[in-house]
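After this come two complexes, each holding chain A, first together with chain B and then together with chain C.
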Partner chain A sequence: MRPNTVGWLMLAPTIAILGIFGIIPFIYVLYVSFHQWNPFGASPDMIYNGANNFRRLVFDAEFLTSIAFTMKFAFFAVLSEIALGYLLAQLFMKEFPGRGFFRTIHTLPLIVAPIVVGSVWRLMTTPSIGIIPYLLKSWFGYDLNIGRDATAAFALTVIMDIWHWTPLVTLTLLAALLALPKEPFEQAQIDGANRRQIFWHVTLPMIRPAILATVFIRLMDALRTVDEVWMLTSGGPGAATRFVGLHIWKIVFPKTDYGYGAAISVIVLYLTLVMCWLLYVALVARRERKRTF
Partner chain B sequence: MIKKSGIGIAALALSLLAGVMPAQADFWSDAGAKYKGVVLRGVTESTPPSNYIKDVLAPEFEKKTGIKVQIETTSWDQMYDKAIKDMEAKTGIYDMVYIEQDIIYAYLARNFLVDISKSLKDDPSLKAAEFNETHFTTFANYFKNGSGDLFGIPMEAFIKVYLYRTDLFSDPKIKEAFKKETGKELAPAKTHQEYTQIAEFFTKYGKDNGTELWGTTAQAHTGHPASWYEFFESIAPTYGLYNWGIDAKNNFAASVANGGQMNSDKAKAAMKYWLHLRDIAPPESAASTWTEVGTTFAAGRVAQGLVYGENAAWIASDAEKSKVVGKVGVALPPTEPDVLKEVEAGKGYLGYYDGGAFGLPVTSKNKQAALLFLQFIGQDSVQPDWAVAAPRITNTATYNDPKVVAMDKKLNGYYTMLKDQGKLFAGAPPFPFHAQVREATTPIFYKILLGEVGPDEGLDQMAAAAEAELKNLGYRK
Partner chain C sequence: MQEPFDPAKVDADLEVARPVRTGFLPITTNWFDRVFVGIYLFVALELFWMRFLEQSIPLMVCHVLAISLGVLIVWRG
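And now, the complex of A and B:
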């Protein structure tokens, strides 16, 4: 076997960047997570405290609540984005007047920075001032107050995320649908399959890799969402939208509890990996195993 | 003849000499010459006073000294995030950082800042004649160490005042209706009872008349620490509860059981009073920070409220942003009976003396040039225009300037109150663990606001959480 020097040379810049900006900071975070370190404490030094930070977070009700809310948020947001994104992608596959125009403008939310999205939604939802509470009151007599209604605030964070990220899903699935060969569909039609059967047995299996990739990307994004929610609700009311990314931010920056914040970050990374692995096993590996038998 | 021609030659020589000598420069150009081309970088919160530094004072300084100044104005959170990270990591990106009064103790504890007084004493060539530390108001004391050395140049200072709508309070029909309902004359409240009565009256008045008017503001955000600050800095002191109820001299006790006051009867009464006001305030109050409280008042949606001084000024004077220009009165916050006497006797404070200074991080790579800039913004001559453009006063020489006197009239005596009664207000307590205790207790505080836990039980939990955090930080033994 001859050594592929050129290949390694070409990979070297990527490996260097990954090492400097990914692996080294991760190792540092891991190191910090085993220490008690608050620079504004009576002793600002880093003190090794073994696994105490990890033990602490198991009993930390605030952390566990934030994890639960984050899971709920990720579930509703990602599921809705995939469903809506697929429907829009199917719509954009069809010919209709202005299709090009709509295809273009539906991607506009993607180019808006999350912090701006949060600000705009905050303006639109501020009680007494925003257009959304105004319309809900005028049309349905419903008083929307995101400062007091935890369910409404949570729902709004999900809706805002759907508004922002569904176009990404649409684009990915549209690309996958456009790349599908025509023959399997024609064959299915000849065999007398109806639209539902074609969707379940032809379209879905063929675009599964694209769906999975999109789900992984969106899931990881949803689990670490911070800026949009910070602008919209600041994590409130109470802890209703204090998702884990925001929780880590509050622990690390205002509270400057670096050791504990690092421990939470490590655990959240681990949870994200486990979730993605479980999803992969459930949707891909099992199916591939069946196929080999 | 010889004498005459000699004088003529001497005069000619002198004039020729003067012609070839460089012009006599002032202090700024002389002192700045050594640092010409240096670029100073500062980070601050985006507020009118900071924007004035960025837009007016920095270019003026650059013109006089040749030292470039880049001021980055950003949000409150980002400003702290950037400054602390820079000083913590010792990267030396910033030569000037904004120090809000409540964080100075944490910065001093970490030795983040340069001793300005000592640095100027050690190198007199940097000392500007126009800069005089003794001209600052007493607010500067917050930025001094035990020896009286200054660690920050005060650049803004405000008091959180009681604002009321003069047009509503003097409307004969409203006055009559108020008297009919309460049996009292309508006048700015001096006690909590009076304030509550006025608030209830105006909220009902707005509802009955179908107008968007409520009786009071409430800075009661359920996810942002602004609400926590309103309670501990503005409401609790008017009940005689100071320093968040934490007794630093008694092993940092917070709970009554250990000698603190955070869950005392005074705290519980204050909380109930404030929660009631929140309930009769405009609906946006549950999502309001200090900014939204200002805009609510400026939109003419409330009859009275506690408003930060930096907002009070534009509400009263900026017709482009405020609907109530010329209709704003200023008064001291209402208190419990006897609290004002206690405060006047120097045993407490009435509300929050807010503000900040510009400090020089020890990690700065351009300390000498930065010292020049800090003196430039602290000198007497730049203060009056600054005070008019962005209402704030940190220098005693500013009060009597005709421009400031005229502005004071516009603000209905706000500056006079700052000058005469500023001593009744106080900044945050001298705790180096400010943000840490706040963040440890806010989750419970928000639960109280949402009614998930009662005020009494909630304050008990907060006191316990504060003590646990202080123990964790190593302050409480």
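And now, the complex of A and C:
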């Protein structure tokens, strides 16, 4: 048997699962996106309407606004998570009493379901009963009401996401930092490099793949956030936190407009892949080319 | 008798199967990368056309331009 055949046989279960749960549903969504389909309406049949769903979405102000809010959310959330996650990873590299305990306890948000995170944050931020508005009022005189303050509602969705997902970044970067060899650091110190130079020229290039993988995972997650935000703000006030996942949900379930919802889903997937590819090109491919030539 | 598994041989096969090259795109690409970029530019151009130009220029023009661009990228990119 040729080695390639062995490789393909070993990959076969993964490819089968990917095909059944990923590729076939994607092709079906793509098919639906070219149809007008309201299965619970007067005419439940799929009607082919060409590119009309896509034509509709480029003029849909609500959709475009939701894309803008989602990008803003993803930018602030992912950037903060990477920065905070790296700092925490560096902290957990150092020896201090109770390090094992804190390493364990800081991962607890990861095991909480997003819908529960949303509910807990909703309780904590409800003006009459929540601890956060109470403390902000008594300490700073700030009246937090996410039901009417759009900026505060948006900021809280970002903070909630950071609280929930920073531990994942910390764990990934901690694993990357622990796996680094000591020699380059010792050599840099012998050469007289200071801490900032060691960070920029030794640590960062060596953990770049781990950072990139984490950014991809978190970016994809942030772009499809639904449940946490749905529980915390339900997309309000107005449309201030109506991210694209919530927009799709509202189109598909309350309005039962499956064709248009499928078209938006395809475009969101498209945007996610484009962003990840651009990041890959900017951070990896260009650097490799520079090294080659 | 079955030949023993040699990982180095697999790597050598992979290198032959996925040649890379540089064209006018600013990165080193294989054919899959160029098809990927071609499809993404095709979709972007179609959406842009529908939003801003379709009222004055028919979408068929965009199809022709986008497919030509895709072919150019796969061929020379």
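Everything below uses one rule, namely that the second predicted complex is superposed on the first by the 286 of 293 C-alpha atoms of A that agree within 3 Å, B and C clash if a C-alpha of one lies under 4 Å from a C-alpha of the other, contacts with A are read in each partner's own complex, and residues count from 1 in each chain.
One rule holds for everything that comes next: a residue touches a chain if its C-beta (ideal position, glycine included) is under 8 Å from a C-beta of that chain, and two chains touch if they have at least 3 such contacts.
In this text, all values refer to a predicted model and were calculated from it rather than measured experimentally.
A simple residue count on chain A separates chain B from chain C, and the partner touching more is B. In the overlay built on the shared chain, the residue A:Lys72 is in contact with neither chain B nor chain C. Once the two complexes are overlaid on the shared chain, A:Val281 sits against chain C while remaining clear of chain B. Within the superposed three-chain model, A:Pro237 lies in touch with chain B and out of touch with chain C [touch as defined at top].
Looking at the shared chain after the overlay, A:Arg99 reaches neither chain B nor chain C. With both structures placed on the common chain, the touch criterion links A:Ser43 to chain B but leaves chain C unconnected. When the two structures are aligned on the shared chain, A:Arg195 is found in touch with neither chain B nor chain C. In the superposed model, A:Gly7 makes contact with chain C only, not with chain B. Per the touch definition, chain B reaches chain A in the complex via residues 77, 80-81, 84, 88, 106, 109-110, 212, 220-225, 282-288, 292, 301, 432-433, 435-436, 438-440, 443, 446-447, 449-450, 452, 472-475. Note for the complex: chain A touches chain C at residues 1, 3-4, 6-7, 51, 54-55, 58-59, 267, 270, 273-274, 277, 281, 285-286, 288-289, 292.
Of all residues in chain C, only 2, 5-6, 9-10, 13, 22, 26-28, 36, 40, 43-44, 46-47, 50-51, 54, 59 touch chain A in the complex they form.
Considering their complex, residues 38-44, 62, 126-129, 143, 145-148, 150, 233-239, 241-242, 250-251, 253-257 of chain A touch chain B.
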